[in-house]
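Across the two complexes that follow, subunit A remains constant while its partner is subunit B and subsequently subunit C.
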Partner chain A sequence: MKPQNSLDKSSKLGSVARWELLLVILIIGVSIVNGRLSPHFWSYAGLMDALAVFLEKGFMVLPMALVLVIGDIDISVASIVALSSVVMAMSYAAGLPMALAVLVALAVGAGCGYFNGVLISRIPGLSAIIVTLAGSSLYRGIAYILLGDQAIGGFPSWYSYLAWGYVGNTSIPFIIVVFILCAVIYWLLLHRTAFGRKVYAMGNNPVAARFSGIPVAKIKQIIFTLNGLMAGMAAVFLTSKLGSSRPNIATGYELEVIAIAVLGGVSPAGGKGSIIGVCLALILMRLLRYGMGLVNVPGQVMLVIIGVVLVCVVMLPNIFGSRRRSWKKIKES
Partner chain B sequence: MRKLITVLFLVVLTLTFFSVSAFAEGYTVGVVVKNVGNPFMDAAGRGAEEACNELGNSFIFQGPPTPTVEGQIEIIENLIAQQVDAICITANDFDALVPVLQKAKRNDIKVVSFDSAVAPAGRDVHVNQANPELIGILQVQTIAEMIDYEGEIAILSAGATMTNQNTWIEYMKEELKNPKYENIELVTIVYGDDLRDKSYNEAMGLFKSYPNLKGIISPTTVGISATAKAITDAGLIGQVKLTGLGLPSEMAEWVHNGACEAFFLWNPIDLGYLASYVAGLLCDGAITGEAGEEFSAGRMGDYTIVEAEDGGTEVLLGPPFRFDISNIDEWKDIY
Partner chain C sequence: MTDKPTQVKREPVYLRLRGFREFGIIIFIIIISLLIGIRNPRFLTLGNFHDMLLDTASLSVLALGMMLVLVTGGIDLSMESVLALTGMVVAMTIKENPHLSPLLMLVLGLALGSLLGAITGLIVAKGKVVPIIATLSMMYVYRGITFIISGGKWVSAYEMPDSFKEMATGRLLGFSNLITIALLVYLFFYYFVNHTRVGREIYAVGSNREAARIIGINSEFITCLVYIISGALSGLAGVMWVARYASAQNDTASGFVMTIVAACVLGGVSITGGVGTVFGVLLGSITIGIINNALPMIRVSPFWKMALQGLIILVAAIVNIAITRNAEKSQLRRREL
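Now for the complex of A and B:
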């Protein structure tokens, strides 16, 4: 029993590393192709800006990886972004200093996530997909009730620095620095703490995890709250980028975020995934879109290509895995 | 590994397939529309391309698959990275594109908004469809002629919060105060929210609530075609007249069966042409976008830049175009 277990573990670790290698190869491949197609691709400042363009989604991908690793899903994040943004803008318009309004956005995000977490972890029989589906219309609905068809803007100038500013005189966008910081924190949390090991244990076998004394409900609660908090953070950066807030911002983000996490090797069935993989997937997705944008691939075609790439890449391990297994069977027989 | 190579090969293949040829002489103008696959926007793109060809400029046509401001920001960032000379945009949000367009302006890119404006801080000049006052007046005049200046009329609009429709309706009410319309009574305004089924039901409701209704004005492309269908289905062709703003391709059927004798719309091809022409002139330095500047825009003739109500400057395309039985067949295949 014991040796087999350790064998399983080593092969799992191996598969994670192989996945990341695959992503790196794809990133290099896409970069070479992009460079060939557009003379503007290999520009340091251009690449930095390109990466910064959708990093607010990056903030949402990190905790989403955790949600997926425990075998759950959260499709309310985009609506949480909208609600956080709207409440932040309204509290600023009501006279709150911008710095406090930013904290309000984070608190609203965390609050929504906490609410999801309570329903999912405390009420038996409620699955995450149902709760967050309801949350998705609930939070955006509230945002619409609060602000209607209006937009609120006119934030102080320092606030636009968050999404548009560069560190000192370099061409490194500020948002990239914040993202790297967050990524490191999530990497430590998932791969270097007891909490992270419990998360994997829950994803691999929730029943066994509960019986071995892991506080399953509490960990779920924490993870969903983190997911909401990071959606609040995404709201802060997205609103800074737009310079104004509206209830319809971030529409459809949840699907993109989940897609990137899955591309990064996180299994939606739970138990598998790494923060490094997710970050590589984020870069890969961005470079793919950027390259196509530089050669002006029409929007609908871009969607199709990304869909095809996503399916192909996600299918790879299944094809390899089944082939290797069938080889093994042939050899054994 | 073979699969991996196949995937990479596919990516290379698709990207090569869609790559554009080398940049031509002249300036590069990027046209960003609300969303792709929208016939009105595609027609505007054709007009913009025509002006680019005339001026010897390169033309890029882009738009997000769904009408979101986030998608437009990504496209504008890509255009900045490509170092285009001008951007013509029909905005999905009045305010939210300002930061990214200011970045474009810092990179010496001229910005022209058309059809749907961006805030003055984010643009050099706006190319507006038509004078909103004229749009309102023309529709009232047309319905009045249709019903011989006598009887009850109603308005079927889009959403209650739509800025442009509400502005036109205000001008319609102003026009109706004119003594020559004293026998016309505006009985109600209903909202179909630019949804086909809701607009259809609202129209049917009007027939029930106001049996003496003589005419309907629907200043929205969705509303007017839904109303025309409702008039046809209710067997009221000839009894209830209809005018408003509509797409020729959708309205051809209703013009032919008599449900709608005449309607209006600005010509999106001309709108795109003018916006792209203005962009070319801005790049040249022939104009700067200040109010009072005069210029000649190719086949469209002479224009003057004027102050806009939002505090910026704009160019007005001209009066809306009238479509009726005499010209509908020419236009129905165009947009």
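Now for the complex of A and C:
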């Protein structure tokens, strides 16, 4: 049995598969260009490291796909990363063992996500846009209150293993294994469980979903909590990568995470998207960034390019789609 | 028959609820000012009041633009970056040509802002991109362009001619020019929103897009227009900002969009569209101005500002929803009777 990506199997499954094929072609194309730019690109270690250094965003993209599929948005994730990271670093500095501090980071992330979820699902009329917008100011603001403009570093050496280490004696980065595990879990959750079917149903028609007995509020609550939890996880790996924690880390991540999800075929209007597409888009975005890094594109300019790509990916199907539809109408008449 | 008297009674309650919104903010402003005045008497001086208005001038102009976008049910996160980009372009222009009139710079700011707003507006109206995604992208795009054209450098106070800086320091009838500009903008938009056809159409589109389309309103044009207006006002605010702080940087107003949204939501603008008044937005901006001005005076660390803003947005949005629901309920009740 093939994965069913949408309620409307016949037409949408085809378009989703086509989108994923396009992503694969783009990945191959970008890889060829990258290979020409750098002779080290095609080495195994080079490829693995290129992917590993980017994967903390991958943890955030997986649940963001779910948020977008139900037709909502969460722009507070970057701030949740900052707050989780700061609280983790502070509790370590206060004497907590690092392993416990990591759990604290996850708890803070899940807590922030839960708070978002409560407000969005319990108060009708309060949209995810305004709650997560306020949240993005609130959570980073709390991080600033806690730490000011300082930084905390000096974590134990095993902690840097999370982002930089390899599994056993192999040359497989640890973070890639964790990411693949998460991706499989999210794939199962979205494409193989009743929960996943409900998520699609909510995205396709929220009113009908509620009338057919789907616990809409509960599912929203779970998805936003998951989003916060994964942001906490991203904070753990990002802080491990950076080696220190500051309140201004992860600025701009929300744009990139949403861009990757949308590039992966998730419709911001809800009801459409697959985990495989999102993972392919993650690889594509990383390779694009790698290539841009090779030709010395500054970070600010990368954000310009990512922004333009995001707008184009959403806009072009809308424009061409409506044209095709009007063509059909003309033909019919 | 016994129902009749209650019906008569209820109508004024509902009407009072609508006026209550602005009245409530005024009471809130007075109480908060008095409380801060007790902690620090310097807060209640005329000089400080003027400074507070001066700092709020650009915020109030921006909030007006954001209000119109919110009324149509959209949101414009790119305003802060349009402000930074126009501010940078204007500062670089005046640096190269110091003899140019400041008035011309205001026009340049308005024009460039409208152009940037038009791009965003077309993406939303014609490209059918969800406003939050379109403007989030454009926020980073315009910010990046600011970085590219400036080459990462600042334009600082000594590179600007005095005539330009006088826009903020000069006074007309005892008020800084910036306050006068903001006041003129408000007068214009009060007329535009309440007494012109296009102004009313903005509310029609925001209240019920489908109904607006059926009665022949070009909702695509209106959607595009509100982004052009918010862009133009961001451009204007960019010039005012650069004149006020006498510097243009790459991270000018970074994160300021939260303050703009906070001012709007405090002023009673609904995030779901259709609701919002010019007067309410003015009061909302002044409230934010007072809070920002008072925090250092009562010795609160500036690091609190960001979290406080998020909290204000959240609480104000919830209060707005409670008030609208109350109003709707009493409206329904009136209809039933």
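Criterion: the second predicted complex is superposed on the first by the 287 of 333 C-alpha atoms of A that agree within 3 Å, B and C clash if a C-alpha of one lies under 4 Å from a C-alpha of the other, contacts with A are read in each partner's own complex, and residues count from 1 in each chain.
One rule holds in what follows: a residue touches a chain if its C-beta (ideal position, glycine included) is under 8 Å from a C-beta of that chain, and two chains touch if they have at least 3 such contacts.
Owing to the predicted nature of the structure, the values given are computational and were not obtained by experimental measurement.
In the superposition on chain A, contact of A:26 is made with subunit B only, not with subunit C. When the two complexes are overlaid on their common chain A, residue A:140 makes contact with subunit C while staying clear of subunit B.
Of the two partner chains, subunit B is the only one touched by A:153; subunit C is not. Contact with both subunit B and subunit C is seen for A:300 once the two complexes are overlaid on the shared chain. Of the two partner chains placed by superposition, subunit B and subunit C are both touched by A:308.
Contact with subunit C, but none with subunit B, is seen for A:127 once the two complexes are overlaid on the shared chain.
By the touch criterion defined above, A:246 reaches subunit B but does not reach subunit C.
By the touch criterion stated above, A:193 is placed in contact with neither subunit B nor subunit C. By the document's definition of touching, of the two partners only subunit B reaches A:292; subunit C does not. Shared interface residues of subunit A, touching subunit B in one complex and subunit C in the other, are 148-149, 252, 298, 300-301, 303, 308, 319.
Those residues of subunit C that touch subunit A in the shared complex are 75, 123, 126-130, 132-134, 136-141, 143-145, 147-148, 250, 255, 258, 261, 265, 271-272, 301, 303-311, 313-314, 317-318, 321, 324-325. Touching subunit C in their complex are the following residues of subunit A: 73, 75, 119, 123, 125-127, 129-131, 133-142, 144-145, 148-149, 252, 254-255, 258-259, 262, 268-269, 298, 300-301, 303-304, 306-308, 310-311, 314-315, 318-319, 322. Considering their complex, residues 3-4, 6-8, 10-12, 14-16, 18-20, 35-37, 60-66, 68-71, 73-75, 77-78, 80-83, 93-96, 98-100, 103, 159, 161 of subunit B touch subunit A.
Against subunit B, the residues of subunit A that register as touching in their complex are 22, 25-26, 29-30, 33-34, 37-38, 40, 43, 46, 49-50, 53-54, 148-149, 151, 153, 160, 163-164, 238, 241-244, 246, 249-252, 288-303, 305, 308-309, 312-313, 316, 319-320.
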